[in-house]
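There are structures below to look over.
Consider the two complexes below, in which chain A is the common component and chain B and chain C are the respective partners.
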Partner chain A sequence: MALKFLWVIQLAPLAAFLGIQLLPAKLKKIAPGVAVPAALMAATAASWLFWSQIQTGGRDLPGEFSTPWLVWPGRALEVGFLMDRLNLLMIWLVTVISFFVQLFSVYYMDEDPSRARYFGFLSFFAFSMTGLVLSNNLLQTFIFWELVGLTSYLLIGFWIEKPSAATAARKAFVINRLGDLGFYLGVILLFLLFGTLNFRHLTTESLAQALPPRTLTMLGLLVFTGVMGKSAQFPFHNWLPDAMEGPTPVSALIHSATMVAAGVFLLARAFGLFGASAFTLSVILTVGFLTAFVGAALATIQFDIKKILAYSTISQLGLMVMAIGAGSSLAGMFHLSTHAFFKSLLFLTAGVFIHRTHTNDIDAIAEKGGRRDVLAVAMLVTGLASLCGLPPFAGFFSKDMVLETLKERSFLFYSGALFVSFLTVYYSCRLLFVVLFSEAGHPRPTTHDSRLLNFSRAVPLVSLGAISVVMGLLGSPLNAGLLEWLGGPAEVHFNASLFLVTLGLLAGGGGLAYFRFRNPAGALQAEKEGQGLLLTALRRKFFVDEAYDFLVKKVALAAGALFDAFDRKVINGWMVNGTSYNILKFGRLASKLQSGLLQDYLSLAFLAGIVIVFFVVL
Partner chain B sequence: MSQSLESYLFISSALFAAGVYGMLARRNLVALLISLELILNSASLNFVAFNRFLLADKTAGQVFVVFIIALAAAEATIGLSLILLLYRKKHSINIEEAKELRG
Partner chain C sequence: MDWTLILPETALLLLCVLLLCLMLIRKTPAAGVLSPLMGIATAGVGLAALWSFGFSGILFFSTYRVDLFSQCFKLLVWAAFFLTVFFSRSLHEIDDGRRLEYYFFLSAAALGMMMMASAVDLLTLYVSLELASYSLYLLSALKNRGRDAEAGVKYLFFGAAASGVFLWGASLLAGISGSTSLAGISENIHGLIASPASLVGMIFVCFSFLFKLSAFPLHFWAPDVYESAATPVVNFIATASKAAAVAVLARFLMFLPPSPEFVRALTAIAFASMTLGNCVALWQEDVKRLLAYSSVAQAGYILVGLLAAGGEGFSSAIFYTAAYVLMNAAAFFVVSRVALDSGHDNPRLSHFDGLAERSPFLALVLLISLLSLAGIPPLAGFTGKWILFSAAMDKGHWFLVLWAVLNSVVSLFYYLTLVKHAYLEKPKEGLPPMALPLAARTVGLALCLSIILLGIFPNALISLAQEAVLSGGLH
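What follows is the complex of A and B.
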């Protein structure tokens, strides 16, 4: 029964995508009218499913529908749905955020002539993402993983006439493929060595029985490479800030809430594979920490509101990966769920500012009167409070859980994460204070005030804001329902020392930001023109792009030149041409025998005849 | 010398040697053709001689000789027409003029 709803969730967005493609050119402008109801349908089905399973305590779980696809003797590739507690939460989150973002897009893309293409791609993304989440095996996950990568590429480069958007889309695509290469190799090897890719069989115990530890480490690291690409982990993180070239709702849906979180979801989903090797887990922990630190540090110096949020996303993804690397996929998934809501809320808020003021720069937004939009500012505060971990907003509970996990694992990473949290508070407050405290002019009068547009702007903001408050409370000492659902403890104990540490971070980060940005204009100026070593390093994004440039332009080209020379000199020059030249030379030598005179040939034949007779007869 | 196989073979070898010498030494193509006939005739002589002295059936060798004569006639036809063509091209029937196939 329940599985039937999965078909609706999976196929409604695909139907919307196909429907939009089939619309005649004159009717293209009603595309939102196709996409939004389909997204609503999927979200309703998912919510109903989630709610009914919570009511019954997950009695039907895990439910699986599976059918063989390619069969060999002894092993088979299958396709199917697997529904368990983890992906039921994820599917609910994806469809709900997808619906709100599509609704918001009605407002945001109102003036765009090619919005049929936009809504078509968004629906296709929703289809691919639900497919990724519902898959019951790694190969099917990989196929949808590539499809979300494709839609991400298409939507980053949505404004195709902008060269920067095209470049950013290409960069995202290439870096993701780099990671996916490892993922694909891992999937193939796992299938060859282990014989099945079904998530239910990928448990630590059965893997440890079937395969030696070194192989498990290698497989885990290979699959983790794909996660690094998709979830923008250091050093593959640099595509995500560039991906902000896409429309803002796309950034909210794909590049903060769902697609980039797919990597973290996969870590939790196939935790048996990663957890089977302690070395893999420590690599995951380290990479997560580097990512969290780099993201948070770079977010402190950005002037583009979407870039601040993008680096913040990188940093928060790093925290989730750290939590999973520390062995708690529960904490990672909890933070993923809260983060998805408050970060998409923040991006939509940024979308409102950008739509109003037609600029991405925080000082320009402030200058053009961004703060006069009361709803947007209220939602900005809600989102940032959650991001900083201000109690009782969602981020507080999930981040504390991550910190607690890290504290148990290793003090070093715990203090690293504390520093990252401090930076998070600092850049959040910086953003807020710049918007609030700058000299504000009057915003230009908005051109559209229709009730539909106001509705499609306000409803997603308020709903996401409300959910991002409530989500956290479900993992708090008051009620740990969400954690219990995911198989965690039934109640959470209030951790007083961690609470004090969090308050200290908030006070410290907020105080520092207040001290520096009481008067934002001067402080921003100083940041733009400062010459210090730290400032330069931050402004140049820790030279990661330069390192890639060096790798590609110098190292790869030099290696290419080397191979080229080898091909020209050795293979072509020495082996191919050398052979033919020597044969030619020998032929010239041999042709000297041919005098052209008939009688020379005759004498030769005669002599040969005599010799033959001599040897044969005698 | 009485009539014996050896005497016939002796004449036949002399004819063959004369033919080979002509083939190798002469530059005139018609002379070459004539030398070729000498070689063929020495072979014919061998056939009839061996037939006469060694075989009971007296016809086999003679049939062969008839064949060789017919063959020589045909070969002379082709050879002479080739020589004619060469002459039209080079205005000479000297074999040394025709060495286009030199390597």
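What follows is the complex of A and C.
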């Protein structure tokens, strides 16, 4: 029964996508009317399923529907759904956020002429993401993984007339390919060596029995490169800030809440594979820390509101990866869930500002009266409070859990994470203070705010805000329902020392930000013109783009030229053209047989006949 | 005697007599009258062939055998005959005064080919072979403009030599076994199957069949005849005559299973046919000549199935022959329309320039027929090759199959060259769009659809072919 709902969740967005594609040109403007109800249907089905399973204590779990796809003697590739506690939470999160973002898009994309394309892609994204989450094996996950990559590419470059959008889309696509190459290799090798890709069989014990430790390390690292690409881990993180070229709701849905979190989800999903090797886990931990640090550090000097949020996303993803690298996929998934809600809330709030003031620059947003939008500012405060980890907002509980996990694992990474948290508080408060304390003009009167649009703007904001507040409480000392659902402890103990540390971080980060941004105009000016070593390094994004540039232009192109020459001379020149040249030459020669003279024909035929007779008889 | 058994042959014979009587009146009816009449008469023959389908029996002192095998081939020959008559509607290469003769020889050749499908005695085989051949010699020389008769004469001499070889081989077989019927020979020859005389006899008989199939080294007539004969005649030679040749060859090999050395010789012939046909076709500018070499190569593919023998081999050869008739007819359909449009009997590659702009439908028919000939899925040619090659693989002829597949790649080059001319080249200045009558459109569409459908749903025909093979054998 429960599995039938999965079909609705999986296919409703696909039906919406197809429906939108089939709309005649005149009716394209009703595309949101197709996409939003489909998203609502999927979200309702997922919520009902989630709720009913919570009620019954997960009676139907894990449920699997599976059918063989390609069969060889001894092994088979399958396709199917696997529903367990982990992906039920994820599917609920994905469909709900997807619905709210699509609803918000009705308001945000109101003036855009190619809305149909936009909503079609969003529906297709929802379909792919659902497929990724529900899949019961790594290969199917990989296929949908690529499909979400494709929709991400299409939506980053949605405004095709902007060259910067096209470049950003290409960058995202290429960097993801780099990571996915490793992932795909890992999947193939795992299938060849282990014989199955079903998640239920990928447990640490069975893997350790079947494969030697070195192989396991290699497989885990290969699959982890895919995670690094998708979840923007250092050094593959640099596509995510550029991806902000896409429409803001897209950033909220794909580039903060769901798709980029797919990497973290995969880490938790196939934890058996990664957990089988201690070395893999420490690599994951290190990469996660680097990412968290780089993201937080770079977020401190951005002026573009979406870039601030993008770097913050990178840094938070780093924290989740750290938690899983430290061995607790529970903490990682908990932080993923809370982050998905408060970050999509922040992005949607940013969308409201951008839609109102037509600029991304925080200074300009403040100047044009961004703070006069009471709802948006309230949501900004909610989201940022959660991001900083202010109790009792959701981020507080999940981040504390991550910190606690790290503290048990190693003091070094724990203190690094504390520093990252400090930076997080700092850049959050910087953003908030610039918006609040700047000299504010009066916003441009909006002309098109109808009742429907106001509804589609306010409902997602308020709902996501409410969830961001409540969700964390489900992992708090009051009620650890969510953690228990995921297989964690039934009770969480109040950790007083960590609480004090958190308060200290808040006070320190907030105080520093207040000290610097009491008067935002001057401070921003100083940041823009400063010449310090640290400022330069931050402004040049730690030279990662330059390093890529060097690799591509010097190393890759030189190798390319070498291969090109080999391809032209040997493969094409000698093997391909040589073969065809010789075939043609033979044809020319053989056509000489056709002399047009009957006596030649007959003598040749007789000669051949005699040869055959002698061959057969003798 | 049950006349239903030989209904199609009787109908064709009556048609021949009727045409002969009309010739005696010495007043040729106008083309506008004759063509529809011939169409109706041909349809009548088709009905007769359908009527007798499914009957079986042995006639004329066991020299003539009607079974599912023969009736399948008779239907195939009829289909080719019908299409040829249809293409002859716009026949401008042959004088109006000779139309009656033209149709007479065409019907006589069809009669001969149908008889070939049923002949199970060396003498019936010879008579039907000659009836078909002589009609074709005359048909190919009927154009009588300049040097066009030359190819007809070459065809005649080559055919006469082939007939001589056939008779030589037949006399050897009959002499050894003391019987002229295939069943009798196969019964009596058991102990002597490896003797040089019987081997030579079998090879010689097969040689004359290979001549009809235009396989190497007996293909030399094909390019010259294809080039100079009227297009509908070429279509007839390329489709009906091939089908009949496959029928006799399959029947002969069913009754007298070849020795391993002989199979190796056939392998060599198939190998050389494919290679030579495809390689030389690369150089052809004249489209009819190009199709001639393509038919040499296709003969090689069919031989792959025949030499694999057994139920799979023969039935796949039958299937491929049916597909081959359809796709070749479709190709010649387009060639004849282009020839008509350009007023040039021998359209060259350049005459196809911009066909897609001038007549998208014709270009599509050409595309489908050529892709099918090259063996691109999901068309009939692909399915046919697939089962041919898998039958041969089962018998261990993997090298030949590999070579055949490589040859398909080579063949793709010249087939696609023609497609390139039709689709990518610009038409010459000032050429108007080509008009296509409704009837021609219908036939073209039917050919295309049958090629596609046969490619996607081949099972009905494959199982029919397997039953035909079971019915056509010794037991």
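The criterion applied here is as follows: the second predicted complex is superposed on the first by the 557 of 618 C-alpha atoms of A that agree within 3 Å, B and C clash if a C-alpha of one lies under 4 Å from a C-alpha of the other, contacts with A are read in each partner's own complex, and residues count from 1 in each chain.
To be clear about the criterion, a contact is a pair of C-beta atoms (placed from the backbone, for glycine too) under 8 Å apart; a residue touches a chain by one contact, two chains touch by 3 or more.
Bear in mind the structure is a predicted one, so any value in this text is a computation, not a measurement.
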Would you sort A:Gly596 into first (chain B), second (chain C), both or neither based on which partner it touches? both
Go through the superposed model and pick first if A:Val613 touches only chain B, second if only chain C, both, or neither. second
Using the touch definition from the top, say if A:Pro477 reaches chain B (first), chain C (second), both or neither. neither
Identify the partner contact of A:Leu604: answer first if only chain B is touched, second if only chain C is, both if each is, neither if none is. second
Looking at A:Phe586, would you say it contacts chain B, chain C, both, or neither? Reply first, second, both or neither. second
Of chain B and chain C, which one contacts the greater number of residues in chain A? C
Determine where on chain A the residues touched by chain B overlap those touched by chain C, and list them. 590-591, 593-594, 596, 598, 602
Spell out the residues on chain A that touch chain C in their complex, using ranges where they run on. 580, 583-584, 586-588, 590-591, 593-594, 596, 598, 601-602, 604-605, 607-609, 612-613, 615-617
Quick one: in the complex, what on chain A touches chain B? 590-599, 602-603, 606
Partner chain A, residues of chain B touching it in the complex: 20, 23-24, 95-96, 98-103
Complex interface listing, chain C residues touching chain A: 153-154, 157-158, 161, 165, 196, 199-200, 203, 207, 216-218, 220-221, 223-224, 259, 261-262, 264-265, 268-269, 275-276, 278-283, 410, 413
